[in-house]
Structures are given as structure tokens and as C-alpha cells.
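Look at the two complexes coming up: subunit A is in both, with subunit B in one and subunit C in the other.
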Partner chain A sequence: MSVCVAVVGHQNNPLYIQSFTDADDALKLHHIVHCSLDVIDERVNNPKKSGPLLNETFLGLLYPADNYKVFGYLTNTKVKFILVTTDVDVRDASVRNFFRRFHSAYVDAVSNPFHVPGKKITSKTFAGRVSAIVSSFGSSTTTD
Partner chain B sequence: MGREVSESCIDSLLTEIVSSYSTRFYANKPELAARTIEAIGYQVGHQLSERYTMDRPRFSDHLEAIKFICKDFWSELFKKQIDNLKTNHRGTFVLQDNRFRWLSRVSNPILDEASAKDPEALAQNKAAQAETSAAQATSMLLYFPCGIIRGALSNLGIPCAVSADISNLPTCSFVVRIKA
Partner chain C sequence: MIGVGKTKQYANVLDRPISKGKQEVSLSAFAFLFSELVQYNQTQVDNIAELERRLEDAGYAVGARVLELLCHREKGNRRETRLLGILSFVHSTVWKVLFGKVADSLEKGTEHEDEYMISEKELLVNRFISVPKDMGTFNCGAFVAGIVRGVLDGAGFPAVVTAHFVPVDGQQRPRTTILIKFAEEVLVREARLG
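Take a look at the complex of A and B:
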């Protein structure tokens, strides 16, 4: 089950952060997201892989923390998406799929003419779509 | 499948934006009108670049991003690619479109007829005047696409200045100067 998603702008400014847990550990999750920004920076500036993977938007597993797994995604416009999940065995393909859907939700949200670039995303539609994507991600990994 | 819009509607909208800003809102301040139109284009380019770069790997350098603008971005907007790309390898790029769609319905200022009828001096004066005002009106149309290019590039992390240059219609070149 995924517990937290975040969108971080190109200057590491938070654009959207939402946790999906009942327990009162939002602060801890925010801390995990915060830590992952350094990992993303490191990945991007010192790429180890070569070939077609070099500039892929999907960054893969950033780091395991306690009982969480943190995945990252960096768009062409230097916007970072971060997913924190508690699932033990997460398939790469399903995370990719999650980020792809998340990205299109994000694009639709920022294409709103009333959205100010660089400001937090306050759209309720976006929040609704994100929770739909998150819940479908959780169910898809548990069923198969 | 992307959604499409009617080309004539876009043409009319652009013409109307330009005429509203330059004759109604900021009639006495053409500079301010141009800046405002450019800012509208900037927002459009900013949002479009987010959408059109969705399914592609990140660009490793400036040239790749510019190539993306020339090929994919231009195809999405105008259903054609930029015809010629020149660069001095020091941050200046010239993107030339031999048949720029938003100028394809702008008439060439041919004023031969007028000068044949009127007395010579007067005609020359008038023709020159008409020509400069026509050139001015055409250049107002180009602030919007300039803004689009600038918005797209700065969203991709490349701050730049874009200016347009019309030598003979409907050929049009956009000069992109990347800020170091």
C-alpha cells in the first residue's frame, strides 16, 4: 500500500504532498520525502548507468527506509515525483505505470489556467485523481 | 490521441488578441502591449512543454532541447517542423520556418499600384509609411509565438530571450539567445 506521494518543483519547493495513512506519522513521511531529494540529486548528477537508461524519467528505487520503499521520478521540466510505499515486493512495471498516470494527472493540473506555476497545487480534482491512482496502485500490487 | 482545434479559430483569436491589446487596452503603450502578449505566450509554452515532454527521456543538453522544439513541439503546434536550424555554438540559435502558419494569411505589403497613381514624392512617403505600419502590425503577431518558445525552453530549464525576424513573408525566423 502506498502511504505518501509528493510533487516537488525544480527548486526543491514542495508543490503537493499527501499522505494516506490513518496513523499520525505525516511528519515522518515528510521527512522521508525530504531525504529522498538528496538521493535524486545524486542520481541525476552522477549517473552510474549508461545507454538508454541514462536520462530516463523513472529513477527507480531511491532507498529503503525502515519499512518503507521510496521511488522517484524526474520529469523533463525538473519536477520530482516521490512515492513512499510499504509494499515489500513492488514490481517495477506497476510503479512505472503509477508514475505515468500520476504524471498525466499533474500535467492536467498545471494546465489549468488558474494554476500559478511554482505555487502549490490546490486543485480538488487533482487531489481526487491522485487518491484514485494511489488506491488502484495499492490494489493492483496486492492482487497480482 | 490529442485533441485538435480549428486553425481558423486560432488565427482569428490571435489577430483579436493582438488588436485588443495594441489598439484598445494599451493603445498608447505599444511596448507594454507587446510584453503582455509575450507573457500570454510564455504561459502557453510553459504548459504545453510540460505536456509534450511527458513520454520522453530527459534532455542532456541545450541542443537536444532546441531540437525537440524544432521537431516534436513544432509538429504538435503547426503540423510541420522547423525548416532550418542554425547555431553559432555559443548559445544563439536561429529557427527558420519557411511557411509560418500564423503569418500565412498576412498579405505582403506590395504598394506598386498606389505609387503609380499618386505623385511621386507623396506616394513614396505614403508607401514608406504604410510599409512601416504593416511591418509593425506583423511584428505584433509574432510576440505570441516568441513567448511560446521562451516559455517552453524556460520550463525545460533553459532561460533565454527570443526575438522574431521577418525578412520576406511568410518566412519567419526566431532567434533564441540562451542566457549564460
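Take a look at the complex of A and C:
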């Protein structure tokens, strides 16, 4: 069950945070997202020679915290997508698919001429699409 | 076998799949819109440099969005980290999507290490524009220069981009060159990456 998604800009400024459970503390989720930014920076700035290619966008599992898993995705403009989930067994392919659709929704939101790059994303269509993607991701992993 | 094709003949017109639609925009529509953009900006400014800056800023916003869209749509989500990579991306992919063809040429500047030039015999945006003599060296290609700057900036390669007319012998209209001058940090990073 995904708990939270976040979009963080290239100067690590938050552009969009949405959590999907009421039970957990929103502040704790924000904190987890913030810590994962450090992991991303470390992965990007010190590439391991034997690790993934320098120019891959999907960063994979960033780090496990408590019972959460945090996945990261980096776009060409250094905008980061973070997914926090409590699913025990999550397939790599389904997370990649999730991020691909999320990136699609993000590109559409940014193409809006009234969107100022660097400011928060306020589009309701974007919020609606993200909820739809998250719910289909959640249902696809639980039925397996 | 002769006559084996992919298209089926549909008996009922309602059974045909919906076409993707034309992928092109009419040139006249764009030319009129761009001319209005230039005219509007002309009423707002007092001098040529300001007009050029405004066109460039308009192009910058376009460039930032085009980069996001193209990376997702065309390049299969790979990031460009090398200088030559991003330059060839601008030169072919971006040009192809914006103007329907790749740019005429991409050259490295001879005097300075950090200068690169993209040349075009006739920029699409300049096709129906002739600049009056009293405006000096003003070039509406500043819009395209802004687009290139937006793409490079978004990808992490800050640069100063300008458009210039270069007279060519044997041709009535001069050739347009987009001059890209990268910032110091880009060269340092490129040298570090080896």
C-alpha cells in the first residue's frame, strides 16, 4: 500500500507532496522524504563504476526505514520523484511502470502555461491523475 | 507476396480506428502568432536589447517544457550528462520536434573552448520576417536562442545563447547561427568526467 508520493525540484524544494493514509503522521512522512533526498544526492554525485549507468532515471530502492520502502526516480531536469510504500513484496517492474505513468502526469502538469517552474504544482487534474495511478499501483501489487 | 499490406478494409466506417490526427501545425498559423508576439513585445519596450531579451525569455519557458516532454516521450528516460550528448540532442531531436528537420550543422568554436555553434540556412521563425535597417543587428532568432538556453539550463548545462546573422557569399539572405557559450562549471565538470 503506497503511503506517500512526493515531487522535489532540482534545488531540493518540494513541489508536490501527497500522502494516502490518514493514520500515519504527515510530519514523519515528510521527514522520510527529506532523508531520501540525501541518498539520491549521494547516488548521483558518486556513481559506482559497477553500479547502474550514470544516465539511468530509475534509481531503485533507496533505503528501507522501519517498515517502509522508499523508491526514487530522477528526471532529466534533476526533478526527483519519491514513492514511500509499506508493501512487503513489490516488483521492480511495477514500480518502474508506476514512475513512468507518474512522469507522464508530471510532464503534462509542467506544460501548463500557467505553471511557474519552481513553484508548487497546484493543478487539480494532476492531483486526480496521481491518485488514480497510486490506486491502480496499489491494487496491482495486492492481487499478485 | 504482392498486395499484402497492413491496412484492413473496413466495411463500416464506424469500425475504423480513430486516426492519430495530423502531427503538424500549419506554418501560417505559427507565423501569424509569432508576428503578434514580436509586435506585442515591441509596444512594451524602449530599445532593441530589451526586445531581444523578452523574446529570449519567452523562448526559455518553451525550452524548459520541451526538455521535460522530449525526455519522457522520445529518449526513453535517459539523462544526458555529457556535453556532446546534450548538444547532439538539441541539434537533432529538439530541432526535429520543433521545426520538422534536424539543424543544418553543429560546429565547435575555434577561438574558445567553451563555444559551440548551430547553424541554419534559414530559421523557420525568420522566414516571413525582414528586419528594418534601423534596428541594426536585431534577430528574431533570439526566440530560438531562448529555447536552446531553456533546454540546456534545464538539463544542467548553464550557458549564454545568442543568435547572429552570418552573411554567406552567393546567397541573398544571410545564414543564422546560434552561438552557445557554456559556463565555467560545465567545462570543469566535463573535464572531470573525462
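General remarks:
In this section, the second predicted complex is superposed on the first by the 139 of 144 C-alpha atoms of A that agree within 3 Å, B and C clash if a C-alpha of one lies under 4 Å from a C-alpha of the other, contacts with A are read in each partner's own complex, and residues count from 1 in each chain.
To be clear about the criterion, a residue touches a chain if its C-beta (ideal position, glycine included) is under 8 Å from a C-beta of that chain, and two chains touch if they have at least 3 such contacts.
Values in this document were obtained by computation on a predicted structure and should not be read as measured data.
When both complexes are overlaid on chain A, the residue A:D92 reaches neither subunit B nor subunit C. Of the two partner chains, neither subunit B nor subunit C is touched by A:D41. Shared-chain residue A:S104: touches subunit B and subunit C both. Overlap of the subunit B and subunit C interfaces on subunit A: residues 10, 54-57, 74-78, 103-104, 107, 110-111, 113, 117.
Of all the residues in subunit A, the ones that touch subunit B in their complex are 10, 52, 54-57, 74-78, 103-104, 107, 110-111, 113, 117.
Within the complex formed with subunit A, the residues of subunit B that make contact are 43, 46-47, 49-51, 53-54, 56-60, 155-157.
Those residues of subunit C lying in contact with subunit A across their complex are 61, 64-65, 67-69, 71-73, 75, 77-81, 154-156.
Listed in rising order, the residues of subunit A touching subunit C in the complex are 10, 54-58, 74-78, 100, 103-104, 106-107, 110-111, 113, 117.
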